[in-house]
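Look at the two complexes coming up: chain A is in both, with chain B in one and chain C in the other.
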Partner chain A sequence: MEFQLAWRNIWRNPRRTVIIMIAVIIGLWTMISLTALSRGMVNDMIENGIATLTGDIKIYPAGYHDDPSVAYRIGDADQIVSGIKKILPAGTRYARRIKVNAVASNARHSGGVTLAGIDPEMEKGVSFIGNGVADGRMIAETDKNAIVVGQALLEKFDTRIGHKLILMAQGADNEITSRAFQIIGVYRAKLTSTEKQYVFVNLSAARKMLGVGTDISEISISLTSHDEAEPFAREIRELLEDPDIEIYTWKDLLPMLKAYLDIFDGFIVLWFLVVFAAMAFGIINTMLMAVYERMREFGLLKALGMKPSLILRSVLLESGMLLVIGALAGNLLAAGSVAMVAAKGIDLSALATGFEYFGMSSVIYPEIVTKDVVLANAVVVILGLAVSAYPAAKASRITPVEAMAHV
Partner chain B sequence: MYSYKRNEMPIVEVRGVNKVYQQGDIRIFALKDVDITFDSGSFAAIAGPSGSGKTTLLNIVGGLDLPDTGEVIVDGRNFGEMSQGQLAQLRLNRIGFVFQSYNLIPVLSALENVEYVMLLQGVGKSERRERAMAMLEEVGLGDKYNNRPAELSGGQQQRVAVARSIVSDPAIVLADEPTANLDSKTGEGLLRIMAGMNEKRKVTFIFSTHDTMVMDYAHRLVNLRDGRVADDQIK
Partner chain C sequence: MSRTFKIRLIVFQGCCFLFTLFWFAGVSPATAADAGAIVQGAINYLREDTSESVAHMTIHRPDWERTLTIKAWTKGQSDSLFRIIAPPKDKGNGTLKKGKEMWIFNPKINRVIKLPPSMMSQSWQGSDFSNNDLAKSDTVIDDYTHTLIGEETHDGKKVYVIQSIPKPDAPVVWGMQKLKIREDFILLREEFYDEDRQPVKVLTMEKIGMIGGKLYPLQWRMAKADEKDEYTRIDYESIKFNVDLPPHMFTISNLKNPGR
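Up next, the complex of A and B:
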């Protein structure tokens, strides 16, 4: 009967109830859907960051992280990989690379690039280049002077597939070495800056050009979950115990992204509180009106012997019903609207240049995360009940004599 | 001290009660040295002109308001020694109220309004329903049990209020001008119902009233004037 009474009470003034419910629905919808969009952006930044030759865990020769030159190399990569394979879960992928700064030039242009000597098969599932090329073909193990460049670099250098590109870099002997490569394929990356930065050649071709024998610059490891990077990095450190080897996770290598992630959850809480603050005025106002309208009734209930705590409870129950119904509808609306755009993503190409600065793609796929939904609902329902306590307390504190005199 | 003797124990004892309201710099004595008792099973009316203190006395006897000085004992319980929670409990279990403006809960049906007090008492659903229905039939509204207050006439609403006041089996019912908003025929019908309940259930009824018909029905008429008991007639 308490629920029945509360339900009927909230529909005494249907227009007012609908207005406050709409406020709760819109509030929760914006909280959840905009957070889903933000999560989508963050996920995109993480995926882009990790796929751009970072990996979940990176094994470097000591000194390479601070000075990425060919002087710092790993000589026993196969032994390291076979060792760490024993502790890493099935599904983990590994890629060995030579990676040095170089200067690319053709007849018209020249510019700084990062030369990456890769094993194309090993890059699958580790970095974006593992997905292959958009034009031409991917470098093969037997290619000795083939190079794959990004679409943006191709345009910048005003060149095309089949043309030559000269790479110049510092060799293992500290002498400048150069080699001509033929462009055989063009890759597309989510970010044009990536397309301009990286050029890919066969691992053996890079080794030969730089004179590093069978050495490599890095081992990149792709785990099944980005969240596992920290614990596995610790295990690898303990396993290798080699002062000539340094282990980094993607969070170490992408410090800006890590800093952003660290404050992101705080921003979400702040965002929820701001939306709620706007909603709270509506809730307090509605409940105060509802309470003042029924002051005589509360007086009657007190005269009949109803305890103040029960009056407080009955008003909070009404408020709780409004909040829960509004929250349910808000959740459904948010889930529906996010589902509608999640499959194809939201194309923000008009803003892509600005987005790229932050390492984001032009198409964002919003993602609803359970903890955000729980937090948004908790903020609305719990704080909603908290602000309803004021009108509820007013109703419970009035004396029957005061209430009966209330007009 | 005025007392109605029916060889019954007093259910209400009011001793030396004063109640003062402050309006700006002026102190208004709503009740002045009131000493009065009502025996169990009384059917008494408190009459007097507006501002004579009728409603204040009724509120004090009902534990809705407290005197500034003096003692109020209802059903053997001294209000001065009770907390607000204990007073609420006493009202819930031992005192029924009927108000001039009916004061039914508009979103509840007649049956649910009568049930509500028993819900507060913690009575089980089926027993609640059975007793409320029986009470509505007793006041002649068995066929209107599902109607909400807005669908009932003033007289019918007041009968529901009487049913609500009596259904919890109180020792005393305090009725503040119960017939004031009713026409004389409806008012008399209501009084007959209450007189019948007084007779049948031995419930004490104390009215505050201007209505001569209520005064005629009452077995005892207490007149208040300027906060003092001016006259106490036993019929």
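Up next, the complex of A and C:
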């Protein structure tokens, strides 16, 4: 009965109702879809960061994090991995690597790179290089002098597949060691800075070049969810209790991303409130109009003995209906538009250079996160009802005498 | 100093080229061996057992030019010490090479720095020679396959043209080198090519005359192939071969405190 009454009341002036509903719909739509877009960007930064040889959890020899030199190594990697395999869930992936700074040169160019000695099989699902190469072929277990470089490095060095690249680095004996590699494959990464930085060789080739025996410089662990990194890192720390080993999560290794993520959560709340503030004035205005129009009705109801609280309730119900219908439509619209955009991603390659500065790719895939949707709806509906309390209170406080004087 | 290194380098690289001959149809192994011997001979001729020399290095660029005077000592193929003695601004700067390692000394900051890998490909004192050119000079014979590809006549003397191709595993940036060595083992020209066989830089020896008791190229010139007006020239003022060098000559303390 009450619902029917409220429903009929809001459609007494359809144009006004539709206009305010559109305001609610657009408000929610922008809140959700723009947040989804930003989430897409942040997730992209995180995925890029983690896939760029970071991993969810990383085990370093003590000292390596501050000074990534070949002097710091892990000798008993197999033992460590078999130990932590027991506490980590199935589906977790492990990659062992040698990683040192090196200088690459050919006849005309030279530049600093990060030399990564990898086992291509282990990298699958851990880092971007596990996805294989764009051109040529991936390094295999038996390759001795094969190297895979990024497309951007290939262009910078003015070279091509089949040509030589000489790598120079400091070896385990502190002497400069150099080795000739043949470019056999070219990988594409999301960021050209990554393509320029990393060159990949076989783990055994890197070990041989640097003279490190069977040692490695890091173990990278890829979990099924990035959020599990911290609890598992704590468990691994307790399990190993080895002073020669340091355990980091991606949040430790990518501190800027972590800070950005934290700021972003606060920023979303702020952004929702700002959008809502604009919407709130519209809601108050509409409800005030609706209430003033019907002052004589409210006076009549009062004269018939209706309790003020019932009038308050009926006005709030009307505004609640407006808000809920608008919110539902807004959610549907946002879900639809985000799904449409997410299917192909937003190509921002025209702005690629600027985006790379922040570690983002040029194609953004918006992503709707439940917690953001709940927050947006809660802000709109709850605060919307709160601001409608003012016109509702006005209506409930009217006396029959005042109502008669009301034009 | 630079000069000596360069020479060494050139010779070594020449050796490498010799090996390349396989490549050319119908070349007998004996020819390859001969080419290697010629390159080895040229290196020995340039370096002798020990040497002490003074040279002027002129670095020429389109809009500027500067000349450094360098005193250099070498021993065998792996040890050398270069010290700048003029102009006063650069005086005292030194470079010590022992085996594959290099140190530089800068008197202004009174520091000896061991060259890290990242600096190996940078140029030496702003010249067209890189630190690597100096540091790797003694590995070149082993890193290349040398092939005799022709003979020419210069000033009535026979000149061997030798092509040197790096061995597949050799950590050498060049794709090929071409050496011209006179029959009396004087190196006349060394060309450095990239892997597409495009010339990158060329070292030429000019003004062959008597110095230190033997015929020796008095002027060396290293130029980039694609830059017309950029080169580094070394003019030898004096050179003595097979001198007695004190045992502490190639040490870091001597690099830092000359004459002690």
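Throughout what follows, the second predicted complex is superposed on the first by the 407 of 407 C-alpha atoms of A that agree within 3 Å, B and C clash if a C-alpha of one lies under 4 Å from a C-alpha of the other, contacts with A are read in each partner's own complex, and residues count from 1 in each chain.
The rule is short, and it goes like this: a residue touches a chain if its C-beta (ideal position, glycine included) is under 8 Å from a C-beta of that chain, and two chains touch if they have at least 3 such contacts.
Model, not experiment: these values are computed from the prediction.
Overlay on chain A: chain B and chain C fit together in the combined arrangement. Judged by the touch definition given at the top, the superposed model places A:A334 against neither chain B nor chain C.
Touch criterion met: A:A169 reaches chain C, while chain B stays clear of it.
When both complexes are overlaid on chain A, the residue A:K307 reaches chain B alone and has no touch with chain C.
Across the overlaid complexes, the C-alpha centre of chain A sees chain B and chain C at an angle of 160°, to the nearest 10.
Once the two complexes are laid over each other on the shared chain, residue contacts for A:V148 go to neither chain B nor chain C.
Contacts of A:T399 after superposition: chain B is touched, whereas chain C is not reached. With both structures placed on the common chain, the touch criterion links A:R296 to chain B but leaves chain C unconnected. Look at A:A102: by the touch rule set out above, it reaches chain C but stays clear of chain B. In the superposed model, A:I57 makes contact with neither chain B nor chain C. Of all Cα pairs linking chain B with chain C in the superposition, the shortest spans 85 Å. Interface residues of chain C, counted against chain A in their complex, comprise 100-101, 115-118, 120-121, 132, 135, 166, 168-175, 192-195, 200. Per the touch definition, chain B reaches chain A in the complex via residues 59, 62, 64-65, 84-85, 88-93, 95, 97, 99, 103, 105-108, 112, 115-117, 119-120, 125.
Within the complex formed with chain B, the chain A residues making contact are 1-2, 4-5, 8-9, 12, 296-297, 300, 302-308, 310, 399-401, 404.
Chain A meets chain C in the complex at residues 101-103, 105-108, 110, 112, 145, 159, 163-164, 166-170, 175-176, 178-180, 182.
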